[in-house]
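The structure follows.
Think of it as A, B, C and D in the order they're written, each chain with its own count starting at 1.
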Amino acid sequence: MTLRLGTGRPLLVPFLTGGVTAGWTDYLLAYQEAGADAIEVGLPFSDPMLDGTTIQQASDQALTRGATVDAILHELTAIRGRLRVPIIVMAYANLVLKVGIERLARAGVSGLIVSDLPLEESAELESAAAAAGIDMILLAAPVTPDDRLRQICHRSQGFVYAVSVMGVTGERTTLAPEAEALARRAKLLLAEPAASVFHAGSRDGADPVQRLPVLIGFGVSTPEQAAVAGRAGDGVVVGAALMRRVLDGASPADLRREVGALRAALDQGVSTATPYAEISGDRR
Amino acid sequence: MTLRLGTGRPLLVPFLTGGVTAGWTDYLLAYQEAGADAIEVGLPFSDPMLDGTTIQQASDQALTRGATVDAILHELTAIRGRLRVPIIVMAYANLVLKVGIERLARAGVSGLIVSDLPLEESAELESAAAAAGIDMILLAAPVTPDDRLRQICHRSQGFVYAVSVMGVTGERTTLAPEAEALARRAKLLLAEPAASVFHAGSRDGADPVQRLPVLIGFGVSTPEQAAVAGRAGDGVVVGAALMRRVLDGASPADLRREVGALRAALDQGVSTATPYAEISGDRR
Amino acid sequence: MTLATQRGMRDPVAGGRFGSFGGRFVPESLIPACAALEEAFRDAWTDPGFRQQLDLFRAVHAGRPTALTPAWNLSAELGITLLLKREDLAHTGSHKINNVLGQALLARRMGKTRLIAETGAGQHGVAAATAAALFGLRATVYMGERDIERQALNVFRMNLLGADVVPVTTGSRTLKDATNEAMRQWVANVDDTHFCLGSVAGPHPYPWMVREFQRVIGDEARRQVAAELPAGVPDVVVACVGGGSNAAGTFAGFADTGARLIGVEAAGGAAMTDGTVGVVHGSRSLVLQNAEGQIAEAHSIAAGLDYPGIGPEHAHLGESGRAQYVTVTDDEVLTALKRLARTEGIICALESAHAVAWVMRAAGTDELPHGSTVLLTLSGRGDKDMAQLQVAS
Amino acid sequence: MTLATQRGMRDPVAGGRFGSFGGRFVPESLIPACAALEEAFRDAWTDPGFRQQLDLFRAVHAGRPTALTPAWNLSAELGITLLLKREDLAHTGSHKINNVLGQALLARRMGKTRLIAETGAGQHGVAAATAAALFGLRATVYMGERDIERQALNVFRMNLLGADVVPVTTGSRTLKDATNEAMRQWVANVDDTHFCLGSVAGPHPYPWMVREFQRVIGDEARRQVAAELPAGVPDVVVACVGGGSNAAGTFAGFADTGARLIGVEAAGGAAMTDGTVGVVHGSRSLVLQNAEGQIAEAHSIAAGLDYPGIGPEHAHLGESGRAQYVTVTDDEVLTALKRLARTEGIICALESAHAVAWVMRAAGTDELPHGSTVLLTLSGRGDKDMAQLQVAS
């Protein structure tokens, strides 16, 4: 199973911390109904080094509830039949190394983002992921220089995760200007033919369907910000803004409205092509 | 005015901290009535380095009451007419230096003991005392070697104060054995003809009237101890044992009984000669 | 290549690996900062000017070299020769100053204007605040709320030195959480801020760089011991291990000799003994964790050893057999601290007392036979622990 | 004889006099003990073996020589060159260790098995307890009840070191009363007990002996300063003054030079400035007292300076004009402590901060013109004062 996301309209990938409440999987279904192109499920970790307060809290709440990686994956498996959108797991390296990528694959996970696994450290996991049929989605940061960004773009699968700010996850009042610059750089590099990875500078506007989408994440908090990010990149990942609502006790229906608003803002920004992501291969 | 104490019977010199109570001079009269040969009046000092708990307390109590050296000397002057026995002041060097020996003389004081003024430091005060007509009574300790003890014996006036123990003032359950040894050594040295101060070893038993008496002090607490000390030396100074009673609220009449008991014990130990000390010269 | 140099503690291979341990497991945002730091350190460490400057500050400000004290009385009681490397006499009261002077100088060289640091016992925080004051840098120190309670003296010292101490209220509210928070803040302030990490943990180049900044302990001790012992080197070299910086610095001076190297962990925080392979705070090493990879809390009487991980080079030294890691209990530590105080007149830190406790237990056994010669690093002084000891005894 | 040596701090003349000050005002019971101590000290101090032994312990146990730290930042701010002699880095955290190592070695040489000591801030008590532990002597430390409250950290340290700390509940319940009590106990236990007095006070030979044991500060600083300053000697030498031991030890290294010597007293305990001639604790000196000779209580923020007397040699140095004595207020001291911490990364003792406060006030005035070079003895570290500072700020 590999992950392929269409790029016809801006993509929307909402985030949920696995196990954050007893009925957490209902949020996934609500996200799907509201028009998510894929859903990111965060595995709660004792030491969430790259997360801001909100997702730290969600992680803490899940662990305090007794959520385990094993139980989260079981619950994911249980609703697999009702989930049409791909599930992407976001986790810290230590959990992935312990749990093993095959276990994720068995639970029907399509993609994997490891917050603290840069290029230099990911080779091993990349081959395991390939063997298990899971896409490894790599992150790029505003400070990532071009030569390195090129490698990230060419090694990433599913999409390129453009981290919008120098900072941790969490809501922000405005979208950082570096986000647009990064997305633009990534798109340019992705448009390069693979053979010419050592020749930078091919123009933007190369056929977007030919290249991996670039999603902007970290700090995308409002529909307005999502619309801006959707224009700069090929879509957004929205995490803390939704988790704040979940932590405050909002229901799956509430969240459906939230995600729906994001969906609408994104769609208004550009014309729609593929309504949902396409999943290639069977969905074991 | 110089001090001369007879040695016909054991001498009794009770001690009182000046200003310890409002009516402190009544204790002096009670001591006299009970048969004291002389009375030691301690000047209360903020830093009574050579005193044990009892006399520290008495000193503290006097100072806290607001007793001053000046007031104490005035009060002494006020009862001078009723005092037949000589008054010996005991004080620390700092007070004596500040107050001045003439002031003591004007108050009718006959003798002076300075706890922390050894031979080496006393020359200056000795001449001032001589000029003022006050006897300087020197202390000797059990550890004082013979050559030094000889100097003390020959420079001391009024009597030689044999400190019975290596320690501070305060009651003790038994009379320290060093007390007798010291008194014996002192008597031997005192019996030497002045011309032969460099020839130690003349025998005891030289005419006691010819020499200065040796009084044992520090820790003489009971009539029994007094009797023993009275046999070893020529008499005793009793301080803490009496002050303890004063601090406990005993009246002058109570103290007269205490001193009377000491008197009786001393007198039983040996036959009586002179009932009171003789004071040579006029009593300004 | 002789056996001795084969055995030495070498620079990490590419990517910052010591054997299979180490590496740089950080968010992409920090990769350029780590790379720049590595480059700056390589550059500085081969620059005699930088080394001279560091040596100067170590000497005139931190009081180096620290003394080597023969523990005469305890040696006689235990039937061994015990030499104490006195990091407790270094300015601020522990070996932590060696590292922060190096990092602060480097930060200044890199044009940074601010230090951030994590701290457990507070010794590293005090040291970092000290170096920041000295070099005119701002300083923010992250400290777990629980450690703030345990080490109030050090919190106040940091404040006096002009540092902001920020309580960390997440997770176990101890050192590991403070480290997470410092990492987060570093990500967000990487332009002007240097993350002044306190031990031989973290992403490459920290484990290597901090070891190099701390090797002054071992290098000095090597020279000093040579003058004391007929054999020139001790039979055994021992140090306590939290993250492992004082041990790494000490071992670095002796790794190329035949001396046995012993790291002493707190029984309640023994990553070498009880840990499994994992990734935490930027490097692959041994970690206390559950089967799923959730990091455990460490529990020991010494706040500075309450760390569930250990520097990757120690994992490598342990795996390769070059060093041996042992544990002691809180009770042994309390007894050791008191006994050292009474026999030698030295009140060491609870952390350092771990090393002493092992020597006391091992002396006269096969582990440390009579007649052995031992170099022990006393990593810090005990003033900071008095309030806690008062409660414990 | 050159001017320089004329100006030097010489041995006291017969009877232990410095000019008209000093002497031996003690009960007859203590005369043989004082005489024996004087003889033992004279003997030891002229015995190269004793000196070597003392030097050894100072080096390997106490961490001497202590550093000389240029206070770069503060110097720039004040427009002077300020060099700090770092007694805060000595083992136990102050200069007091210099004296106790000497006295404990001497006590052992005299066959004594026990030390008694008085203490105010607790630094001397800790030092004495340390030396006792090291040399296998028993130790009893007398400490005013009020100081026990103010300096709880040090009380606990003394206990850990195996010393008995006896609260003194008489008088002002501070250092002077603890000294009285120690004297009393010495009288009663003179056979097996050495009175390990903590400053340049007391009967002869203490003021002289303690100055000689502390002159290592000045002698070291003299050498160290010579390497730092073009002129070889500083214009001004400054130290805080309680009893006056760190100042005496410092001055001893410079008295034969042209350097101005400045002793800084606490405004609330300034025997040199506000005192009159008197006899206390065995010597004639300047004393805070009322017209009748009752000794006053001293009041300052620094427990170690709450002493109504001063060493007799200081009274002499002041009278002869060789040294000058000044006072600073508690507020100036707090400000100085904080400013030094922030500029140089050094938290000094409240006592030592008195010297710093004077430099800060005087710099740029006629007292200490711009461009002056200053050697300042930082007599101790501030850890012991943190609890108190927390209350004060």
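FYI, a residue touches a chain if its C-beta (ideal position, glycine included) is under 8 Å from a C-beta of that chain, and two chains touch if they have at least 3 such contacts.
These figures come from a predicted structure and were not determined experimentally.
S.K.: What's the farthest chain from chain A if centres are computed as the mean of the Cα atoms?
M.R.: Using the mean of the C-alpha atoms as each chain's centre, the farthest one from chain A is B.
S.K.: Based only on mean CA positions, could you tell me how far chain B sits from chain C in angstrom?
M.R.: Using C-alpha averages as centres, the distance is 68 Å.
S.K.: Taking each chain's centre as the mean position of its Cα atoms, how many Å separate chain A from chain B?
M.R.: Taking the mean C-alpha position of each chain, the two centres sit 99 Å apart.
S.K.: So what's the Cα centroid distance for chain B and chain D, whole Å?
M.R.: Between these chains, centre-to-centre, one finds 38 Å.
S.K.: Show the residues in chain A shared as contacts by 2 or more other chains, in ascending order.
M.R.: Correct list: empty.
S.K.: Residues of chain C that touch two or more other chains: which are they?
M.R.: There are none in chain C.
S.K.: Between the chains shown, work out who touches whom and classify the graph as line, ring, star, complete or other.
M.R.: Basically the chains just string along in a line.
S.K.: Touching pairs of chains, all of them, please.
M.R.: The set of touching chain pairs is A-C, B-D, C-D.
S.K.: Which bits of chain B are touching chain D when the two form their complex?
M.R.: Residues 45-52, 56, 60, 63, 68-70, 92-95, 97-99, 115-121, 138-145, 148, 152, 163, 166-168 of chain B touch chain D in their complex.
S.K.: Tell me, which parts of chain D touch chain C in their complex?
M.R.: 59-63, 66-70, 73, 86, 89-91, 93, 129-134, 136, 153, 156-157, 160-162, 337-338, 341-347, 382-384, 386-387, 389-390
S.K.: Going by the contact rule set out above, which residues of chain D touch chain B in the complex?
M.R.: 15, 23-29, 31-33, 170-171, 176-177, 180, 183-184, 187-188, 190-191, 277-282, 287, 289, 291-295
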